[in-house]
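A, B, C and D are the chain letters, set down in written order, and residue numbers restart from 1 in every chain.
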Amino acid sequence: MQALPPRIGALPSGPRDAITDVAGVTVGHATLSDGAVQTGVTVVRPHAGDAYLNRVPAGVAVINGFGKSVGLVQVEELGVLETPIALTNTFSVPAVAAAQIRQCVAANPECGRGLPTVNPLVFECNDGYLNDIQRMVLGEADYQAACAAASEWVAQGAVGAGRGMSCFGLKGGIGTASRRVEGQGFTVGALVLANFGLLPNLLLAGRPVGRELAARLAAQEADAAPEKGSIIVLIATDAPLDARQLRRLAVRAGVGIGRTGSVFGHGSGDIALAFSTAYTVPLSPDEPMPRVAMLHDARLDGFFQAAADSVEQAIVHALWHAEPVTGRDGHARAALRDLLPHS
Amino acid sequence: MQALPPRIGALPSGPRDAITDVAGVTVGHATLSDGAVQTGVTVVRPHAGDAYLNRVPAGVAVINGFGKSVGLVQVEELGVLETPIALTNTFSVPAVAAAQIRQCVAANPECGRGLPTVNPLVFECNDGYLNDIQRMVLGEADYQAACAAASEWVAQGAVGAGRGMSCFGLKGGIGTASRRVEGQGFTVGALVLANFGLLPNLLLAGRPVGRELAARLAAQEADAAPEKGSIIVLIATDAPLDARQLRRLAVRAGVGIGRTGSVFGHGSGDIALAFSTAYTVPLSPDEPMPRVAMLHDARLDGFFQAAADSVEQAIVHALWHAEPVTGRDGHARAALRDLLPHS
Amino acid sequence: MQALPPRIGALPSGPRDAITDVAGVTVGHATLSDGAVQTGVTVVRPHAGDAYLNRVPAGVAVINGFGKSVGLVQVEELGVLETPIALTNTFSVPAVAAAQIRQCVAANPECGRGLPTVNPLVFECNDGYLNDIQRMVLGEADYQAACAAASEWVAQGAVGAGRGMSCFGLKGGIGTASRRVEGQGFTVGALVLANFGLLPNLLLAGRPVGRELAARLAAQEADAAPEKGSIIVLIATDAPLDARQLRRLAVRAGVGIGRTGSVFGHGSGDIALAFSTAYTVPLSPDEPMPRVAMLHDARLDGFFQAAADSVEQAIVHALWHAEPVTGRDGHARAALRDLLPHS
Amino acid sequence: MQALPPRIGALPSGPRDAITDVAGVTVGHATLSDGAVQTGVTVVRPHAGDAYLNRVPAGVAVINGFGKSVGLVQVEELGVLETPIALTNTFSVPAVAAAQIRQCVAANPECGRGLPTVNPLVFECNDGYLNDIQRMVLGEADYQAACAAASEWVAQGAVGAGRGMSCFGLKGGIGTASRRVEGQGFTVGALVLANFGLLPNLLLAGRPVGRELAARLAAQEADAAPEKGSIIVLIATDAPLDARQLRRLAVRAGVGIGRTGSVFGHGSGDIALAFSTAYTVPLSPDEPMPRVAMLHDARLDGFFQAAADSVEQAIVHALWHAEPVTGRDGHARAALRDLLPHS
């Protein structure tokens, strides 16, 4: 077994090689693991304050819209987030969205009355192979637990929303990574919920390891199944970018996904969201708007490279750190590390 | 008081002047009215069968995306509906989406396992002026009740999702209308959840009745409030149109909305969805795909006129048929008909 | 004949009631009128400097994309203009685009070499009823003449690109208007190239004057023709808005168009572009980026009303100021003012 | 020097490994090569008839919109092509668009009069490093020559629009490839105009050959230059897909581009268009519309794989078949084959 995951690209990482290398960003998980229940919630908080009162700018790229995420319509119109970003399984989206509403109302009693309603933002993948998704067991307490657990240290693999996810027929889940933008003093971080891909197609840092693994594991049903399941990509940066530029950054998630061996399968909801922590927009129009000099678009290439590399690295990390999981009906997913030759 | 609502345009209506003039379409309401609770659910079923198994084509136009509707990402990618269309208040979207998932799973036990997950489709407006939206009282039973109540006869005004809605500072809610497409043998029907507009801007069949009404009701807070609240527009037709053409049809909802006096306010979620009942797409790729000759785009002008007129007429109907409602904290909305001069 | 055109809405206009009430904006025309040649070029300059070096932010709304305008792909990606905005007839788009390239290269000899290529931006309508569009007579000199003629005083009606345009079966062309945004000290101006609509549908400040005019002019072929021809809408403001917000402003052009009696016909290229003069983005990433506090989105409603009213007023002005024109094959368009009853 | 280019993926190619393996599709070039003039036009004809009268369905994916292509607005609205697809250099777009208009008018004298205007469709990349783009030498005759030369045999490399293009700091240009869709009896073909990428990033069938080549050629300015120049991707298939599905196919071009080492650079216009030859839509609404059973979306995965592989292979072919070219100011681009080690 290799000691370290393959490294993507030439750019240096931040100290944690995680999305939390973007200062202020924290990540929390709530994980359920009990027999046929293998699922959870993961929360990414863009800053320590109330996301409803102080909104970070954001942009979205729907690479393949076979997905049930909620909240994107308003992010695309207004270019800001209003809640922590939540990840979970497909059928738990409503429960988590309800929890976001309740959390916002609890903190802001005029929400939906004197103040505007809040826009829940929940992304999802289908963990139904390992998890009995039809039980819909996740609730408000799990979302709150994930929020409460948010910190700068990010557990990866079969945790939180990643608990039941599969990736290239192996155990997938949560992965994160970061890259420093060359010469500009900024950081780009990515966090993925990786639940996509066919094993024969897996590329690990460009190497077609999937073909050989698939041959070895030929009995696995993964070989014949269509690509489905989805990947959610969250990208953070501390550079001053506006919503239009952040959408451009989010588009580059497709490069990282494609380089691991996906062709954005028909049944895969491949969605990316990028946000900036460089400034916030106040809820109230009576507060002063931030006076910001945005980055010149001609300086974005370094960010695009950092985003593509961070996303590919985060997917590798999701596979690398995932422990094997057995769940619903005895379905099991192996861990990539257990299958790679010892080095 | 006038006996009949003003009539929009020169095209003839179908027999019910309702979206259900498109054969197969039915509408059901579940209404809650008890003190501070003034809200509900409305369901539009595109056909009598299982919408998950046999999908009608659909297109979406997000005119102003200040809204929390769920399901649009996948409709835009795949161009089909998978559930009955649900309308409700903003904070009840998760409960209704969960009800749609449970309904689909109950009817299709492999949903989310051997079969793909289902895409909930719930539209919303904020009825928080009359309804205590923070209570989040609507649940699965209400959605089921609305589905069970679906019929070709459509109650309008302060019913279903329209129970607590306000429109131009008056009582709004559900309205519907239909128009025959000139010379082509097809019908276009519209159903709106009308919860938008400022009273001074109200145009009734082109007449600026809002200015005078606003002067008379000068004490009402509606005058000064920003335009918010949203309008949802559903458009049905029996003509063979594909998803691209249906998006074009949905865009024309903006004409009908604009002609009633709206400028698509910043805080108004103005979203339109159009669907066709002329054919369905099977869930399973093993079933034969429908062999359809679509309508030529150059024949769409009659549909565009019918859509614009139906939408404007449906908004007029929502105002016309709404009874006065008093709800949360004694907030009240008057009925348009009670304010118009007797004729 | 009425002395003054109908006035739209309650907001005050700027001193010229023209797009040039937004300080720095100028408009120039080059008009060709000789028998079967009835066409021209109109140029809107966002500021007096080189648009390639100092770019104003801009957003686009394609309301109905039956149109051959060039340059929108890049405006949507980068959110800025790089040239003066040109309007002309459909078949002259290439000639005018070539003229924009040559103008930019002449002023910036490194354009396309050491510096990026320039993005021509040309909008069009089809003036083929009055003008022999197949002759393609417009050339570089006409574009340069329009640029050279740019001033704060804007000729309207059958001038420039509007020379051969028809609108509601009458003589259309160039119209402009402006509105002050209530309570915020900003101005919104609109300029339209109006070449759309069916006479029976014409609404003049809400009054259905088209029905009566169409009955009187029943012999005209306009009655039966499908809606085609297009309208281009340019919106300027001096408020600090970014590209996302400017797209939102451009969407409201649809309200103004719809209120004059259009349903965005299938064959009508209805496209709007909004730009701000509040700041510019330098071509070179080595120059400092502007440090701007954007307007809060919750303050946009006044701009949306001003945009909708300016656009509707500009269309009225295009009809009002157009003189009758006879062109190709004896085709003629009457002037609205000649047909309205004397007052 | 290797005898054969690296092969992408496991799917079989069609007999020509070219876009023309999709029956009916032909490709023609007009090439100018004289000192500082190194440029041309390439035409892809979707079928042998008049593209204006019988329109093939098409969809577009703008991956990075830093580009000056014309015609996309209408393709996105109507979902069809009206002309042969033309490729050329950035500053020659107007000349080629004018040639397309003249060609259509010559064949259809009522175009722009009794019949609608035609929508020119011209894609571009900036060949300004090798070609003196400011001379704008290409004209109508070159477009006509490319059309006349269209055949099923496709010259690749430094020909047609590819004559002056650079790719990964090497000589780029035209490349093509095809793949059979597994088990479905259909073919996907791609043609690229490749003018993008930084040498150190070049991946050849996954191998990072660029790093080593860049080290060897360290003196070349390509190393330091930002990624600019663009890639245009055309994808053809004989499967019955509608415009929505073809857009989905076009999105997968991003996978192929990304796998060669691009991150969709800021200054790179990366645009893909996919079309189907399975049916045509008549210009006239009086002709019958085709009655087609579209492919089920769940059958698209094989097409997505074939598209991604064809695009990557076509880029490899563009590099592989390009001969070295010296052009403007002595600028030169080497051929990849001359740099690879002998095998």
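By definition in this document, a contact is a pair of C-beta atoms (placed from the backbone, for glycine too) under 8 Å apart; a residue touches a chain by one contact, two chains touch by 3 or more.
Small disclaimer: the values here were computed from a predicted structure and weren't measured.
S.K.: Any idea whether B-D or A-D has more C-beta pairs in contact?
M.R.: A-D
S.K.: From the centre of chain B, which chain's CA centre is farthest?
M.R.: D
S.K.: Take the average of all CA coordinates in chain A, do the same for chain D, and state the distance between these two points in whole angstrom.
M.R.: 34
S.K.: CA centre of chain B versus CA centre of chain D: separation in Å?
M.R.: The separation of the two C-alpha centroids amounts to 43 Å.
S.K.: Specify, in ascending order, the residues of chain D that touch 2 or more different other chains.
M.R.: 64, 77-78, 248, 267, 297-298
S.K.: Using the touch definition from the top, list the residues of chain A that touch chain B in their complex.
M.R.: Where chain A meets chain B, its residues are 62, 64-74, 76-78, 90-91, 93-95, 97-98, 101-102, 105, 111-113, 116-117, 119-120, 126, 128, 133-134, 136, 228, 267, 269, 271.
S.K.: Going by the contact rule at the top, pick out the chain B residues touching chain D in the complex.
M.R.: Those in contact with chain D are residues 77-79, 242-244, 248, 281-282, 285, 288-299.
S.K.: Which part of chain D faces chain A closely enough to touch in the complex?
M.R.: For chain D paired with chain A, touching residues are 63-64, 203, 206-208, 226-227, 248, 251-252, 254-255, 258-259, 262-267, 297-298, 300-301, 304-305, 307-308.
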